[in-house]
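Supplied in structure tokens, the structure appears directly below.
Chain lettering (A, B, C and D) follows the sequence in which the chains are written, and residue indices restart at 1 in each chain.
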Amino acid sequence: MKVSVIGATGYAGIELLGLLCRHKEAQVKHITSESHSGDKISDLYPHIRGICDLTLEDMQKLRQIGEDSDFIFIALPHGHAMKVGVALNDLPVRIIDLGADYRFNDTAVYEEWYKLPHVHKNAARSYGLAEIYREDIKKAKIIGNAGCFTTAAILALAPLAKHRLIESDSIIVDAKSGVSGAGRSPKLSNHFPELYDSFTAYGAVGHRHTPEIEQALTDLSGEETIITFTPHLVPMSRGIHADCYAKLKEGVTAETVTAAFNKMYCNEHFIRLIGAGGYVATKNVRGSNFCDIAWHIDKRTRRVTVLSVIDNLVKGAAGQAIQNFNIACGFDETEGLDFAPMYP
Amino acid sequence: MKVSVIGATGYAGIELLGLLCRHKEAQVKHITSESHSGDKISDLYPHIRGICDLTLEDMQKLRQIGEDSDFIFIALPHGHAMKVGVALNDLPVRIIDLGADYRFNDTAVYEEWYKLPHVHKNAARSYGLAEIYREDIKKAKIIGNAGCFTTAAILALAPLAKHRLIESDSIIVDAKSGVSGAGRSPKLSNHFPELYDSFTAYGAVGHRHTPEIEQALTDLSGEETIITFTPHLVPMSRGIHADCYAKLKEGVTAETVTAAFNKMYCNEHFIRLIGAGGYVATKNVRGSNFCDIAWHIDKRTRRVTVLSVIDNLVKGAAGQAIQNFNIACGFDETEGLDFAPMYP
Amino acid sequence: MKVSVIGATGYAGIELLGLLCRHKEAQVKHITSESHSGDKISDLYPHIRGICDLTLEDMQKLRQIGEDSDFIFIALPHGHAMKVGVALNDLPVRIIDLGADYRFNDTAVYEEWYKLPHVHKNAARSYGLAEIYREDIKKAKIIGNAGCFTTAAILALAPLAKHRLIESDSIIVDAKSGVSGAGRSPKLSNHFPELYDSFTAYGAVGHRHTPEIEQALTDLSGEETIITFTPHLVPMSRGIHADCYAKLKEGVTAETVTAAFNKMYCNEHFIRLIGAGGYVATKNVRGSNFCDIAWHIDKRTRRVTVLSVIDNLVKGAAGQAIQNFNIACGFDETEGLDFAPMYP
Amino acid sequence: MKVSVIGATGYAGIELLGLLCRHKEAQVKHITSESHSGDKISDLYPHIRGICDLTLEDMQKLRQIGEDSDFIFIALPHGHAMKVGVALNDLPVRIIDLGADYRFNDTAVYEEWYKLPHVHKNAARSYGLAEIYREDIKKAKIIGNAGCFTTAAILALAPLAKHRLIESDSIIVDAKSGVSGAGRSPKLSNHFPELYDSFTAYGAVGHRHTPEIEQALTDLSGEETIITFTPHLVPMSRGIHADCYAKLKEGVTAETVTAAFNKMYCNEHFIRLIGAGGYVATKNVRGSNFCDIAWHIDKRTRRVTVLSVIDNLVKGAAGQAIQNFNIACGFDETEGLDFAPMYP
């Protein structure tokens, strides 16, 4: 398959490029950058020298890129991908957008949280969280790759939502992310001396991943779900750890909870159930497409705490995009993703 | 005042020693260690050379140490301090225990959570959280210095509990700590390559700081309070960040919440209110006795999220001990603690 | 090829196992551990679950393992591999030892620096630094994989030594390593709070990698070479950065130096020449088998400084072992190693 | 003493401000910032809230500030302090410049390495390295505070230079610094994800601290000294570790070397000699004004390696400025600096 990457110079874009270069079925045709066109990608990212030395092109040639490609991956800030989607709408090329533009069934939700008019409301799209929307992904023209925090939170809560084991108004997600999630543009908040040896929250109310989690949980449970979501910055480069708290419904036991996880994920290669009473660590999934999940039942409070970890740039972005690409193309779902996490 | 430190070789003990050496009213007479008696403290901790080069003594001379001292600080694992307390009960020396032995009003709670019989049930003691129990601390013979997670959580929630602004069964504390909180004994879980660039939870249900937080909140609110508490390890050395979630009671507004914080803490030197909608970072308090607090009201979910940070070895241990010492002796509460955090 | 790993539970062993699992031509038959036999490797290293879930065996079955395997990788502390070598000497199985036992042409040097009698002096062996000893590696029964610091230092200095551009008594190697190089056994010096946010040297005189570097440089230049070598611990997990200083011989120019690097390495896939005046960063090679090299000529002092970086667990251990395995078996040298470094 | 800080918003400036606030003899009158005048310093640096809440002024009032102050500290980029020096030349106020403008006896050296004309060539100044130039500092009107790398390197080599124990053309300084040394302005090279878990050199030839080290060593030894100096970035916030290599002159023994260190530094409070064969760690001096020094003699190569550590923002900048201030004013040299390093 001929593939291209629109916006290859962010952290998600470069991760994707590295993964595509080892994918047996993909051949990278074009990579673009708005600010660095004409440069070799390996001059911006010396680590990839010898693996990929393509030259970045600009968006002027978007139509030609669309014609040259079977699949296009978009790793641009939100608001840009939907313009690309419109521009290529009449071509057979399929699209995976790593941003938020195609994640919402109801574009009014997008417009409310992202403060932007949506210009591609009728796109033939699927939400790109493979373990839950696999059938939709297979045939979608446009796939709205799930966000990083949302992937960790939804995978952690999906079995409980689907089997209606938790109170839908009791959910709190306290999520922690490595700094790579904030992108490559230098700013004071991500300046090394400021962040190193420190821990802080941000976006305590109103982070844009909130409605995305709510959409999936509402969809799975059939119950209107409103959550509290707080993201944090961990002084590390990669990884997301989500603590998902919820009140168990009357009569739900530890066994019911465990059974729900086992039933939903027993055949999922990328989900590793650590089980009841276990712990997960971001390092155990670093660099890989795995999502590890453990859970705890507190009998005193009748709450369940689900712990999940992913690599924000892999299962939370580029790896998930490859997984969706594999599903969409009918390849083995692990193609290009079947390697061990980097440890230690 | 003549002071001694029982158990000076852990991280809390050495921090305390460093602080005592700059305290104008304290003169360190004895320091002890069970495993390193006869060694100079500066051979175990070269950073303190030139500041304190005392020789560690063993516990054989405990009575003599008690007679030589006006105040004794104990920084031993739980279960040991109460034996010291019993042994020195008839002497005029006063005691601040940095461990858990004297933190509980009801020693049955201690026995349940720490799985140990309590041998000093009738001790004349106060819980050592200065901002809340200052009057008790002034006259107590034994002060049970508050724990690190508990200090961060209780200070964050106290105004809301005291004014009964939150549902007492809705509280979740998701707390994150630097690794120094786990002590100086090497083990795999704190081995550098394992923990570095990783984030993980531990003690998801049943951590021993749970009942300590519940005791204070129940005491403040007069309402039986049961919480969910989850601690985490951050790949950094010092600092605790607590996210405290609770449901607001009917009719409670953002203004009520802010007023409660302002009222309770307006004259507290070591509590810095960052205010509604703000953020706190562990680095802003690192090395100091400050506790910074911010809060957020989510109108969609009617929850309040209180964020608080402390340095686990200072306000969470040694600094709080000095503060309690100052209160107990009638010194200026900031003596020996009036320096800036280390930044960056 | 059927391969086995003797000593799979150290950091080098587990890295090797992860790499072998994605190698198209290798099938892992046995893995061993002296202290964890009977356990599944993925219980000790949860990150590898789903990639490799083999059970660790003990060394009792060494002969059988040797008979079952075409190639054996040994990742044991020095002193143990040579006993394995003796025990399997009569079998056709070939061996790559990641330790020091087979690195020295003159076993008397080994005995002097490692304070151990050598029990396999006449082994048919090659020094396992692929870019320099490729021809020997092809046919060796036993390959003594080069050490981590030594790989970085020798690759940096080899072109200068081979063309005799530097004074052989002027060489200083100031090397910095991530902590994973010190192994997985917890000890105070690698305890997270001790090492984090700190930098220190160790082994300032007499580190055992010294004679290994000297052997290669003497061999390449034909001039007896004695060096000063100082290793350091960087508060990070992986990576080695070597600064190699030497005095240029009379008449040697910047152009001569650059020509020597280009000539020696122009066809080496895993060596990336960043060039004169450039810089290298450990992150650019992290997780990969690359060695990046840059150099600087100081006209004021007539010294050359060569900077090189590798990942200590890949090009400095497991990756180099795979590369040697590929060479020894006649496979493409990049098989199983053709992926991008992990960035950021 | 009334003191003011010109340029209080950089890392050195804010460190200085924190130290001045606890200095018994200093009263801070004015603090300035070119880009943040009108703001409270504690809005830019929340950690210092409650310790210092002064408002930043602009440079328009420089004359008035000069008249209001007994001592002025300047923490501006090089090139700016000398203009301040000229503007205040006729006032009695004394100046400590933390930058490079007043560090060179020969302003032609400054002009060559800093590529700037010097506008205050005849200033009555002293080089501000207290342990070596104490007598000059006492009476200087302007003190050119020594640089961070230079302080570590000169203190390490001074006894050897002074007693002419090393070959003056054999000196190599391989120095490593925490990232705070690069300042607070965000840029890609100091962006958290780029630098974290990485190690790199910079300025391999021609770093501006080179001539400053050469000036002091030449002055001490009376022998023209040209060195090789390479700085590196360590993924940590604070601390400098210098490895100083030199060839011993004929007949110099280990005992001679040790005697030289003991003689020169036996009465220096801030220099802690760890001794022959020892190691130093940046964490042991973090947050303090100490410089720890150890040394190693390699009999094989006849080289000495001196290891030294300082905190770049304290002994390498603000602490040294306070020490110079104490000397210049006749205060106890440790006033305001007599606290323990922060550990762990």
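Here is the rule we go by: contacts are C-beta pairs under 8 Å (C-beta built on N, C-alpha and C of every residue); 3 or more make two chains touch, one makes a residue touch a chain.
Just so it is clear, the model here is predicted, and its values are computed rather than measured.
**Student:** If you check the contacts of chain A and chain B, which chains show up for both?
**Tutor:** Shared contacts of chain A and chain B: C, D.
**Student:** Between C-D and B-C, name the chain pair that shares the greater number of C-beta pairs in contact.
**Tutor:** Of the two interfaces, C-D and B-C, more C-beta pairs touch across C-D.
**Student:** By mean C-alpha position, what chain is farthest away from chain D?
**Tutor:** A
**Student:** At what distance in angstrom does the C-alpha mean of chain D lie from that of chain B?
**Tutor:** Those two chain centres are 36 Å apart.
**Student:** Compute the distance, rounded to whole Å, between the mean C-alpha positions of chain B and chain C.
**Tutor:** Here chain B and chain C have centroids separated by 47 Å.
**Student:** If you average the CA atoms of chain C and of chain D, how many Å lie between those two points?
**Tutor:** 39
**Student:** Going through chain A residue by residue, note those that touch at least 2 other chains and give them in order.
**Tutor:** 11, 178, 180, 193-194, 196-197, 235-238, 281, 283-284, 286, 344
**Student:** Give every residue of chain C touching chain B within the complex, in rising order.
**Tutor:** 11, 178-180, 184, 186-188, 190-197, 235-237
**Student:** Using the touch definition up top, name the residues of chain D that touch chain B in the complex.
**Tutor:** Touch residues, chain D against chain B: 11, 14, 18, 21-22, 45-52, 180, 196-197, 237-238, 269, 272, 274, 281, 283-288, 290, 292, 338-344.
**Student:** Provide the residue numbers of chain A that touch chain B in the complex, in ascending order.
**Tutor:** 169, 172, 174, 176, 178, 193-194, 196-202, 204-205, 226-228, 230, 232, 234-239, 241, 243, 245, 279-284, 286, 296-298, 300-301, 303, 305, 307, 309, 344
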